[in-house]
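As structure tokens, here come the structures.
Below are two complexes that have chain A in common, paired first with chain B and then with chain C.
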Partner chain A sequence: MTAETGPWLGQSIERVEDVALLSGRGRYFDDLGVRPGTLQAAILRSPHAHAVIKSIDVTAARAAPGVVAVLTGGEVTALSVSLVVGVRAPIQCWPIAVDRVRYVGEPVAVVVAADRYLAEDALELIEVEYDALPAVIDPTAALDSKVLLHDGLKSNVASDRSFRYGDPEAAFASAAHRIAVDIHYPRNSCTPIETYGVVAEYEPGDDSYDVLANFMGPFSLHPVMARSLKVPVNRFRLRTPPDSGGSFGVKQGVFPYVVLIALAARIAGRPVKWVEDRLEHLAASVSATNRVTRLEAAVERDGRITALAYDQIDDVGAHIRAPEPATLYRMLGNLTGAYDIRHMSVRNRVVLTNKTPSGLNRGFGGPQVYYALERLMQRIAVELKHDPLDVIRRNLVPANAFPYRTASGGLLDSGDYPAAVEMAVNDGGLSELRARRDRAHLEGRLYGIGFTAVVEPSVSNMGYVTAVLTADERRKAGPKNGAQATATVAIDPGGGVSVHIASVPQGQGHRTVAAQIAADALGLKPQDIRVISDFDSARDAWSIASGNYSSRFAAAVGGAIHIAAMRIKDKLARGAAAQLNVPADQVEFTGGRARARGNPDNAVPFARLAAASHWAPGTLPEDAHALRETVFWTPPQLTPPTDTDEINASLCHGFIFDFCGVEVDRTTGAVRIDKYVTMHDCGRVLHPGMVAGQITGGFAHALGAAVYEEFAYSPEGAFLSGTFADYLVPTPTEVPAPVILHMETPSPFTPLGAKGVAEGNCMSTPACIANAVADALGIAEIDLPLSPKRLAPFLHKPEPKP
Partner chain B sequence: MPRLSADQRHCVRLTLNGRAVEGEAEPRMLLTDFLRHVIGATGTHVGCEHGVCGACTIEIDGALARACLTLAVQADGTSVRTVEGLAPEPGRLSVLQAAFRRHHALQCGFCTPGILMSLDHYLRSHPLPTETDVREFLGGHLCRCTGYVPIIAAALDAAERLRNGETDA
Partner chain C sequence: MKPARFDYVRADSLAEVHDVLAAECGEAAVIAGGQSLVPLLSMRMARPKVVLDIMRIPELAGISLDGDTIRVGAAVRQAELLAWSQLKARQPLLALTLPWVGHAQTRARGTVCGSVALADPSAEIPLTLLALRGEVELSTKAGRRRVAAEDFFQGLMSTARADDELIEAIRFPCGRPGEGHAFREFARRHGDFAIVACAAVADGKGVRLAVGGVADRPVARTFAGLGGSMLGQALDAFAHELEAREDLHATAAYRRELVRQLGRQVIEEARRCRA
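Up next, the complex of A and B:
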């Protein structure tokens, strides 16, 4: 519904983005024109999981119709340097195979031709001679495999760090029980419907690159790309299109292709465009990490956990591509989840295997951690014969403990977890659900109930990944921390208001919420505000934290918009004070006017007041020149890792409590979600419709990860999920509507009280569904996806031998 | 049946949203590429190019089709409707499009043109669908943003409004 009056925040107003998007007038990457003479690229990719490239013959391809250039590893290494690798190890990371391929789909050659059809024709003329090597796919096997992915390393373990918080040894020694889970979390991806796209140009006159790509950030990768291209940051201009066809983290992974296509443009001497196709995307864009976890708890008789011991082996694939190994470190401050657990040991290993390199994906590190932690909570309940909900309740961080410092350094900003759980139990109808389960059991059906409680981190600390280094290494490298959010609010000569943001929206509706924020600050309507969100590193205010990830828009960027708009407002108030003959603090902005508080007839139209700084600055005191305010905002709570490796990896921490009822078909093994309840506390809700959309969307991704989706590899390294007929994305027939409940405890650390909300169900839902399935089947160990193939052994006797 | 030469471009003439358009295409050119890059109608999106995601769904001579599984030359002489043809006039929305906006039934909007084309077609012949009907019918579309919940709500809302006599004009 479109409301008529403010305050606008908190209302589900219609989105300013939608008329164009609904009418076929979006401006996505491939909808934008290119310079005349722009060439098209196609990429030859490895059919092998692991092989030495003995030779590449591109003679015939270079002579093919329309072909202008062909690049292989040799051309790329001659003109660039390796992408920065985030661990201390003598290994490199190139955007194309150099002498050796390490995963199916790794780029081997790039053909640049007059059009894409001709470029693909020429790919077929490239002769590559491979010498196949054995591949290593299983991360545990990779630990001590004789098959080494990188010659610079003595093993496939690129990093091995241990952490100790509190006194875990004493807690385990005195515990009544030790209960553990072993988890193999699979690979998956949120696969946006728009694939990657890059168009690049090189200017030899000043040795600069100009690139348009549907990259989403983080812009900490901008200097990484510039460095690889051997140009200063200010000689690498990176722009993004106005619209994006979704990302969910995945469009971080376009950055190696930015480097590759930029080099192609340099070699071709003309602008070069590349659009990834779906088969390329599934095989070789990016993937979440798969992870092997052993998690053990020291538990008292009543179910109270006194210590945790994590052993995590995170599989980043064939290369450590920035910002990895961040998947493993985003959660370091939050490994105790929603629970008050003071003692913990952690061993984190980063392992290389012959798979696609990993990167950002909705939930980023959360799904892997919470699957282990929340499966463990259920196992504690089963083994100690407690109600699983009681085990959760017994361990929650208490309501009076906020802000709460976790054992590993996270700072939980606000919440009331016990109250949220009770509200969900009552309003979500848990007792009715239990009655449904009991009836199902009487009818002989396989029905189970699962629970999860999750803390959802948002607004990442740019320093958390340095926890992969030792304190000594960090001291040598210099401190990294913070998360600069930026926003600009500008007044034009017509007295109109524009907002410029570097949040690189991927479809969430940032322009609408930005307009709501500025409209509330200035007493205007959202439709009066023009919001510009396509990004240009040469012109916009940005920093390394810019971009669209870690659910940072509402909490961080929204706050920066608010601060910038309030600065404009304060200046306008000083200008209005003279005209209205009242003190500046008695000027209020409402209904498109500035007026004297308590005397609404003493007013001046907003546009007239605002335009005055352009047309008649001499009539205004200097501190009333309201033209353009750019705000950089970074929260002080995001400090670097301490010498003892405590890290507050995220600024905000929402709370989620889920429960669900699930039925497993005895014959087919199909999992049916009977009811799903998800309680969220994401702080102050800025736009309820968008928050609901983030929750239903995240829930659908999580359902896919839980039941259908897997990037599967054969033991030899063949990729088995290469089409949308093999990689099964849920459709409308598979995704039910979850029951969404809310509680609002505003964050004290963000200007608007908002927290992130986009990723939480990707953390809570897979474990919740698995807990319900494990309850239904009465089984202890269960890995994702919960496909009929995986559940069949629990339902049927082994097939008789013929 | 016309004989086409693989290495030549052929003139393709069709009616796009009621207007005559023409352009040249090699026989292997996909209809998606023809519409987007030859004609300049970029509203039809390319999501998978193997007929699963449904983003490229259009109407050809009144029947739904995946433009990514159609050659441009196959569309010669046909009447094609795309998302650009749904709105009654620039800046205004059809009943279905307006329902999508009201229900926040799109986020990134990339899959939306195909879903709109399918639903526009479906609701004309199925004025009284149930939620299950709409879910089954849309089973050939992938949306990664919304979780489908608001799409289903928008479709049912639009169906009701169309039954109650609201029109696009």
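Up next, the complex of A and C:
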């Protein structure tokens, strides 16, 4: 759809990105040229879950044709320091195994050669002598296992913190019922089609590194990489490609390879490029955490929850790799979900096991929490014989309570949860769905209905992960908070407008929305605005909060673009005021012109006005020089954790209410989604088409997590999901189109009223489908993925003896 | 994921294929559609000295009728057979099973004989060949032979083909009047290799049921005129005889249960089609 007139925000205009992408002219990492003489790297990886490296012999590999350098742990530790570890513990995190391997796929050696074929040939010549150790895979077993992953710790528990909000003991003591769920949330990932890529160069003349990588942020990891490479931040230049083949959080995990390949380039004395292959990606890129949760509720007879008690054991894998243990702490302010619950106790443990280190992944921390909370809501309904929808309704944060401070410090910005639920029930056709279920039951089919209500956080507080420290430790470390978003709007000598952003888009369409925002502010058309989004840490405005994560673009970056464009507009208005003979506040910008309000004929073309600051600055008052405005915007609501551990971990909180009908095949155990309805309130919708795309994509990822996908390990630590034949990503055939509904309550905390929207279904959908399957089968405990293998015991009679 | 070094030979004649296969003593890998071999090469799980391309040999192209037999040459892609205008009329079971082979994209490259050569125990084409009592045509420099499907599939990815033999063609018997056919399979996703696949051919004497995905090769059994609980007992015994595999996606017991349930469904359906 091509809209003709503004305002542009709120319209689904054509994406400016798509002409290039759809005609094969995208510029992804591997499409970009490299300097002549660039070498290629290949990585030897551990076949063991846990082993001591007794010796590595690289003599033959170094002598192999085309090989320029071979790196092992020794070379890496000599030239760098450990990556920062996010908890107070005497442990290290290297981008390559040092003396010991701790997961299948951990890098052991890097070969740098003239091409990738020769590099892989040489990998086969490296002789590694391993002394296998027992592995620990199960997070509960890891708590007191004799198998220790890191010598600096007395156990595999890297952090153990307890929190108390309100008076949970009293609430539990006086509760009519105590109802609990025990959850084992599995490992999975969003598997972008483009894998990691790094090309790095070292300049000995000024001891600096120059890296191009498909890193997505957060740029709080930039100083982490620079520190590891032992150079100041301004001598570590990091650039990103113009286009991305997807990230969904996963591209955060390229950062250890940035360090590793940068060191390889330094040792080789030439630029080095590495492209991760799919086998490497599945085994060793990054994974969401798996988590063991016991969640108990104190419940009144009518289903009203008075207190929650969480016990969470988050499995970060073999290393605490930055920004972990953030998965566990992103949700600390939101553990009561969409519900008005004033008392809560929380125990958070971070445990190390012999698995791939965890990191960012769409939904980050939300899926694990909401699976427990929303399964609990269903169990309360079943055990107390209430309608599950009534239990949700009874506990929702009331409509007039916003902004609402949660028990653990989250500040829910806006919403009307009860109204959203009623709208979804009516517009989504719940009564018809119930009739379908009843007919299916009459026909003897296994059919169930599930519900979930979740709050979707977005725009992360850069200080939330410090809640893993005690208040004392935080005081010593100094406060961390905020979320500096940045945008630059510039006027060129032709009077044209450019926008520069550091949001590192990963396919979402940031450039389109940025153009809409600037066009609305300046009375132009989106096609008049050029948006630059490939990023260069040496030239662009950025902060540690820059990057593409926590669904921050629409709310935070979009807001910064708006503010920068409005500053340009105000300056232009002052310049126009003199020419139009009206006060500056009487100048309006529309249709490519600046004109006097109420007198459209008294006007000047935008381009001529805008170019004046270049060509004739002397004709303008100094406060009307409109050349370039860079805005840094951080919301005041993102304060550091309080001394009593309340934390507002995110600026915005969307609301999602889902329900679905599913049928389970009696023979095969296959789960068929009959109908899925998802109601979203993500504040002001900037581009409806993109919002629908985000919801549809998030739903597909969530359906994968719910039914198909798992990074599976044997109890001994063997990795079982090493190809896409075993790690099953749903295809379009398996993903029905959800019914998407909206209501809009703008956020009062963001310049445009927008909130994030990309991650919510990864939080709501797995629990919603599981609730429906549990309803269909009449079972109490159910873990993901809902595979036929897992459901068969509930369907098949015990097998007769042969 | 880059292959180890190999030589590539694009054969222009059958004689050249036979010469290379004889000379390399098992160190040559025939490539046709490449849907299985290329990933195996890239993962270095297959490391042939020579990759021998047979796709430009005229004798290997084409689908032909040889009496009551459909002869499919080694260079015929799965999509070509699926699009063959006489497919449904000549052999209804093939028309039922071929759409389940991979995806449109993989069928556009993968060959019918290549699937037989690989002998994946979950693949639909070997299963169909076995259900229909088809044959495999093998040739060497010295001569040629035909091997019944029953004898050709010998285990997991293991066949009766000798190192110097080329699969020139496979032969599917045409359907006969009075036959009924049925096929069902269960896989996690559309286009995946089957967890259990069942193909049935009913005629006046009984129903021949072939099962894939369960044992280390497709296995067929004839059930003569059984019904009700007798059929149930016979299917149960068959399910246990198959020594079902366990893997990440299904237990052995799960596979046996699907043999019992899907097996009965296709047997009854094939009988109904016949009637």
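Just so we're on the same page, the second predicted complex is superposed on the first by the 798 of 802 C-alpha atoms of A that agree within 3 Å, B and C clash if a C-alpha of one lies under 4 Å from a C-alpha of the other, contacts with A are read in each partner's own complex, and residues count from 1 in each chain.
By our rule, a residue touches a chain if its C-beta (ideal position, glycine included) is under 8 Å from a C-beta of that chain, and two chains touch if they have at least 3 such contacts.
Because the structure is a prediction, the values reported are computed rather than measured.
With both structures placed on the common chain, the touch criterion links A:R278 to chain B and to chain C. By the touch criterion stated above, A:Y117 is placed in contact with chain B and with chain C alike. Taking chain A as the reference chain, the count of touched residues is higher for B when chain B and chain C are set side by side. With both structures placed on the common chain, the touch criterion links A:Y708 to chain C but leaves chain B unconnected. Within the superposed three-chain model, A:T668 lies in touch with chain C and out of touch with chain B [touch as defined at top].
Of the two partner chains, chain B is the only one that A:G26 touches; chain C does not reach it.
Applying the stated contact rule after C-alpha superposition, one finds that A:L627 touches neither chain B nor chain C. Looking at the shared chain after the overlay, A:L79 reaches neither chain B nor chain C. By the touch criterion defined above, A:T731 lies against chain B and chain C together after alignment on the C-alpha atoms of chain A. Within the superposed three-chain model, A:D18 lies in touch with chain B and out of touch with chain C [touch as defined at top].
Counting contacts as defined above, chain A residues 117, 277-279, 725, 731, 733 meet chain B in one complex and chain C in the other. For chain A in complex with chain B, the residues that touch the partner chain are 1, 12, 14-15, 17-19, 21-26, 28, 30-31, 117, 190-195, 243-246, 248, 277-279, 506-509, 689-690, 692-693, 695-701, 723-725, 729, 731-733, 735, 737-738.
In the complex of the two chains, the chain A residues touching chain C come out as 116-117, 120-121, 277-279, 667-670, 708, 712, 720-721, 725-726, 728, 730-731, 733-734, 787-789, 792, 796, 799-800, 802. Put simply, chain B touches chain A in their complex at residues 26, 28-29, 36, 41-50, 52-53, 55, 82-84, 86-87, 90-91, 93, 97, 100-102, 104, 106-113, 116, 134-136, 138-152. By the touch criterion stated above, chain C contacts chain A in their complex at residues 1-5, 43-44, 186, 188-193, 195, 236-237, 240, 248-251, 253-254, 256-258, 261-262.
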